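Below are two complexes that have chain A in common, paired first with chain B and then with chain C.
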Partner chain A sequence: MWFYVARRFNLFVLTLGILFLLVFLMHKALPGDPLTNLSGITSPTFNQLELLDEQYQLSGSVFNQYLGFVTERLSGNFGLSLTSAQPILDEIIQRLPATIELCIYAMIIALSVGIPLGVLASFRYKKVTDWLIVSMSLICYSIPIFWLGVIGIMFLGLEFQLLPVAGRLNLLFQVEPVTGFTLIDIMLSDLTSKSQAFKDAFFHLIMPTITLALFPVTVVIRITRTAMLEELNTNHIKAAEARGISPLIIVLHHALPNAMKPVLAQVSLQLSTLLTSAMVTEVIFSWPGIGTWLMSAIYQRDFPVISAGILICAGLIIIISIVSDLIAIAATTKRRGMHHGKN
Partner chain B sequence: MKKLSKLSAKLVLKTALFSAVLFQLGCSPSTNDNTQREEGLVYCSEGDPSVFNPQLTTIGTTIDATSNQLYNRLVEYNPRLGKLEPALAKSWTIANDGRTYTFSLRDDVVFHQTKFFKPSRKFNANDVAFSFNRIINPTHPFHDVSGGNYPFFNSIDLANLIDKIEVVNPQTITFHLNTRDSSFLANLATDFAVILSQEYGDYLLSVNQPQLIDIKPVGTGPFILESHYKDNYIRYKSNVHYWGGAPQIKHLVYDITPKSTNRIAKIMTGDCDVSALPQSSELDVIRRNIDLELQIQTGLNVAYWAFNNESPPFDRLVIRQALAHAINKRAIVKAVYYGSATMAKTVLPPLSWAYHRQLPLYEYNPRKARKMLADAGFPNGFEMTLWAAPAQRIYNPNAVKMAELIQGQLAEIGVKVKVISYGWGVFINKLNEYQYDSVLLGWTADNADPDNFFRPILSCAALMSGNNRVNWCKPQFDQLLNAASGQTKQSQRMEFYRKAQQMLYDEVPLVPIAHALRFQVRDRSVGGMSLNPYGGISFAKSYRISKGNK
Partner chain C sequence: MARTSHIYQDEIIPSPQQQIWRNFSKSPVAMLGLWVFAVFIFISIFAPLLAPYPLGYQHTSALLMPPSWHPEGHVAFFFGTDDLGRDILSNLIYGTRTTFGASLLVTFIALFFGCVIGIFSGMSHGLKSSVLNHILDATLAIPSLLLAIVFVAISGPGMTNVMLAVGISLTPQFMRATHNAVHHELSKEYVTATKLDGANKSQIFINSILPNILDALVIQITLAISVAIIDIATLGFLKLGVQSPRSEWGAMLSEGLDLIFLAPWNVAFPGLMIFTSVLSINMIGNGLQRALKERID
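For the complex of A and B:
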């Protein structure tokens, strides 16, 4: 097990190193002054120039420059944004919680809707319910989310005016961003009408969350269904049925826990897709997260922000996938002795 | 297996119930009568203000967020009556020589009390002197704070106009001018001529943070700045001690929404109550919605295509004339403004009293343009850059689209156009380097004086302050403007402004394209919002109409 952890850690460091290298090379290839692109300072004074030269080791070899770049970024210095002249790290900290919040709710919906439907489909294998669920999930799997989001805005938002279409909360509720998670912030705020604020935040959440959740829901349904079918056909389930144990117990205690493992492993693989979809969803619903931020940076050619965005998003995905890999290993007795992470 | 199917039936039922509950929740819209919302008002603005002091900028977005909300001026312009009205000054007199203006000030005005500053005295003449000395006196401790550039005041050359500012007593202040200037009062009424607090300035100097004066503003206006989350929102609260009577709106929020479609969506779903600058293409959607009212105002603005007159070949008159003949303004008004604009003959809109009616429209004639180019030595045309900002302005709803149309029209006469575009902030900065061949820009009047259309964008002084994007400085033109403002009779001034317009027509330093109508959308539950033809929006008198009366 520990050997495996060490191997994973090794892989982690190596992947990050390559990621940094690619972004570093991107900086070299970008138009404009490389120092401005690295630091975000447009017209540095002499003192600043000296400091920057020392930080990014611009007078050294390319390898030294790379090391300087990695050191600065790892110590949290992402430079300044060209458009707002604010430290990029602060901007990330402001916006990342919104993205994470959206992803968490979408994941909760994906699991809480996807797993029951998957289980249901496996019960009714090759019956109408099964066909219905499978075909619906195939249709939803094929719907592009930008289309779904816009259709939602058109009908639920503009035509019937049931749901708000942009932002996280009606701005008249004065909620200070403490944690960056709307619901927690409302709880911490000193509003007199918290329930109204919760309701408003909930309404703002509905469309983006459903839009974002739709794709993972279909994935979870299909994986759960397959895993359950396999599980329900195993001998120990058949034996349990033969002994007359109630179906509820069989499903909850015997089949589902075993079927969950491939589901969770697959879900963790979906996280990178989720993050990408979250960015699209954010732009559609003007959700003030990393996605809208990066998108506007791209429009405005704010190179320091773009490179920081790449580092943060890619870094986040690498960390999540390695952590979920480790959790999966720790949870699977069969694989604990493995050295290479293969089955 | 029978039990299994029973279980599945239960599951189906539960899912159905769950979705039914969700649907139920979805059916009651999020607009509810609760006090938080009744007392507040959300304005969907199109952009983030660059600074919280309108002295420092001429950008409309910043003016909208600051001038009428946080500050006051000595005098104000009443667009309905077409004359100046008292504001912080109760009354004023002009001496016979036309160069001495004496204002008697209100004695009941207090400055904002904020988290970081508590005023100990009321507004007086020292604050007025402080605010204007900051602009005109280079040795003033605040002159160079935030860059030291006062674009509007530099363009009207206020520093040379004002000889000195004399505090007679706390309630009286006198401006001594070097020359007669009939537009002086009108300029004091612009959105830029706001009054800051001297006491706050002294306090900031004592804590060695002078830059905060433009970031954490203290003014006398109807609203107090509470917080600003860049590119997201600005919060204001009402100033209960406002001298003009506390505003009925307790909380005012600017929801910064750069995309026009998003603003429309927000106002339709109730996230906003008033929205800025709807696009012409969206007007039909707004008109069809019974909850919304579309306010239309003939705008005092102009969108123009400016040549960099110093950069060859645009330094040659014949080239500029040829390009002006190649532009089909009618097509542009139709495609970019969807007809909600009039074609422009000159920079001055037809509304203005100084408008030169006899001036002909530059004829659209590509054949003639091509011939002129060939005669000038460019039979195969040439390449040029055309800069256009992707931001939406009052005078131009879609500069990039306009640029593409111009690109197509110029291709007909063999001129290849490269369209260059940056975000608004970067765009303005890059313009200062004068690297462009031509640029699409515009101007919105700050007051009713025609001087306001020429001097801030076309005079030699404006070239210094960076507002003259035409890069064109003609002393004769400035003389005409000076001669006009030296007169007091309208008919005499008109004569000079006509000559100025004729000169612009003959010299073609820029091609005026269109005067846009101004639009604003508001929810019908909001009252007291008038659309001002000059300058920025004001929420001082807005209120909510309660649901029963609606």
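For the complex of A and C:
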């Protein structure tokens, strides 16, 4: 087990190194002054110039430059934003929770809706229920997320005025950001109308979360269905059937726990898709997360922000996938025996 | 042989491809998907002949005309017009080329490069395979659309750049799929048997492995086409994609967004086109997957 953990850690460091290399190469390809693009300082004084040159090793070899880049970024120095002249790290810390909040809720919906539907489909395999669930998931899988968001805004937001269409919270409520998660912040705050603020934040969450969740729901349905069908064909299920255990107990107690492991492993692979759809969702619903921040940086050609955004998003995905991998390994002894380079 | 064939009924065992086709064509949903797909290919090839008006032609006397079945609509503009008087039907037909046609092209280019690298890394083992695997993991960790967005942000919007960006973001997925499929087959016993017969690496690959991974690749292709369509449309929607006067479904949708109250057909039809094309491809993919599964069962 510890050998495996060490190897995963090794993989983590190497993957992170390659990610940094890719972003570093991107910096090389960027138009404009390399020092400005790296640090975000548009017109540095002489002293600053000397300091920056030392930090990023610009006079050194390419390898030294890479090392300088990695050390600066790992020590939390992402430079300044070209547009706001604020430290990028502060902006990230301010905006990342909004994105994570959205993603977590969407993931919770995806798992809590997708797994039961997938189990139901496999339980009624090749019957009307199964056919209905599979075709519904196929249709929902094909809807472009931005179209769905726009239709949601058009009908629920404007036509029937049921739900707010933009932002996280009505401006009437002044909530101090402590954790960055609106619902938790409202709980912690000392507002007089706490329940109203909570309700408002919840209504703001509904549409973006459902828009974002639709795609993962269909993916979870498919994965669960496939895993369950495989599991229901194994011998221990047949033995349980032969003993006359009721089908419901077989599905819930004998098949589902085993089918869950591949499902969770597959779901962690979907994270990068989730994060990209979260970016689009944020743009549609003006959600003040990392997606809108990155998109506006792209429109304004704010290169330090763009590179920091890629590093943070991809780094997050790498960390989560390694952690979920380790959890999966801890739960299943079977997977520990894999060899180098064989996934 | 000639004599017996008249007396006894020969039992013809269909080839694997024939079996897949039989299973595939049994499902009406999959066939519907295939037909819709064929129609889209037809439209994207013959777009200039099919479109009623030239690309970007502005009818100044007919701004924001509703679709023809609307009481105020006119049959000359079947799906209505946008705020500049451009016929939506013509725009959609030309958009088929940029969104659907380009996504097909991009997929096959990405398929080529991804497969070559994937085969190379799949057939190798030990340190070389490990290193390639790590590089793959790192590229797969960067969200594909983010990669495309950044690429476009650096090199500027435009048809070629969008295609390059989407192609680059699709390639790692093909690499991973090919790598896994090759690795999976390599550990099977029939490969060991050919190895014992003295086949060299390229012989093993061409004669034993390639026929068996083709199925997995075809499914990956259908997946990739639908991803490519959505990615190109998303880039267009974020105003980073194809620039006017070329028409593109995602860009049309985002242009119509400002007029969503006045002229909802400007948003509805491009979205419907994206949805239909992606759905048809997913239907094909689903049908193929089931056909393959039935063949193996």
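We adopt the following convention: the second predicted complex is superposed on the first by the 330 of 343 C-alpha atoms of A that agree within 3 Å, B and C clash if a C-alpha of one lies under 4 Å from a C-alpha of the other, contacts with A are read in each partner's own complex, and residues count from 1 in each chain.
In the analysis below, a contact is a pair of C-beta atoms (placed from the backbone, for glycine too) under 8 Å apart; a residue touches a chain by one contact, two chains touch by 3 or more.
These numbers come from a predicted model, not from an experiment.
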| item | value |
| --- | --- |
| Partners on chain A (chain B, chain C) - clash or fit | fit |
| First, second, both or neither for A:N77, with chain B first and chain C second | neither |
| A:L158 touches, of chain B and chain C: first, second, both or neither? | both |
| Touched partner set for A:P177, first chain B, second chain C, both or neither | first |
| Contacts of A:R301 with chain B and chain C, given as first, second, both or neither | both |
| Touched partner set for A:S189, first chain B, second chain C, both or neither | neither |
| Partner chain in contact with A:S268 - chain B first, chain C second, else both or neither | neither |
| First (chain B), second (chain C), both or neither touched by A:I206 | first |
| Which of chain B and chain C A:V251 touches, first, second, both or neither | first |
| Where chain B and chain C come nearest after superposition, their Cα distance in Å | 6 |
| Intersection of chain A interface sets (partners chain B, chain C) | 153, 158, 299, 301 |
| Residues on chain B engaged by chain A in the complex (per definition of touch) | 3-8, 11-12, 15, 22, 25-27, 29-30, 32, 34-37, 40-42, 229-233, 235, 251, 253, 255, 257, 259, 262, 265-266, 268-271, 390, 422-423, 425-426 |
| Sites on chain A touched by chain C in the complex | 11, 14-16, 18-19, 22, 26, 29-31, 134-135, 138-139, 141-147, 150-151, 153-154, 158, 272-273, 275-276, 279-280, 283, 294-295, 298-299, 301, 306, 309-310, 313-314, 317-318, 321, 340-343 |
| Complex contact set, residues of chain C against chain A | 29, 125-127, 129-130, 132-135, 137-146, 149-150, 153-154, 180, 183, 226, 230, 233-234, 237-240, 250, 253-254, 257, 260-261, 264, 267, 271, 274-275, 278-279, 282-283, 286 |
| In the complex with chain B, residue positions of chain A that touch it | 82-84, 86, 116-117, 119-120, 123-124, 129, 153, 156-158, 161-167, 170-174, 177, 191-193, 196-197, 199-200, 202-204, 206, 246-248, 251, 286, 288, 296, 299-301 |
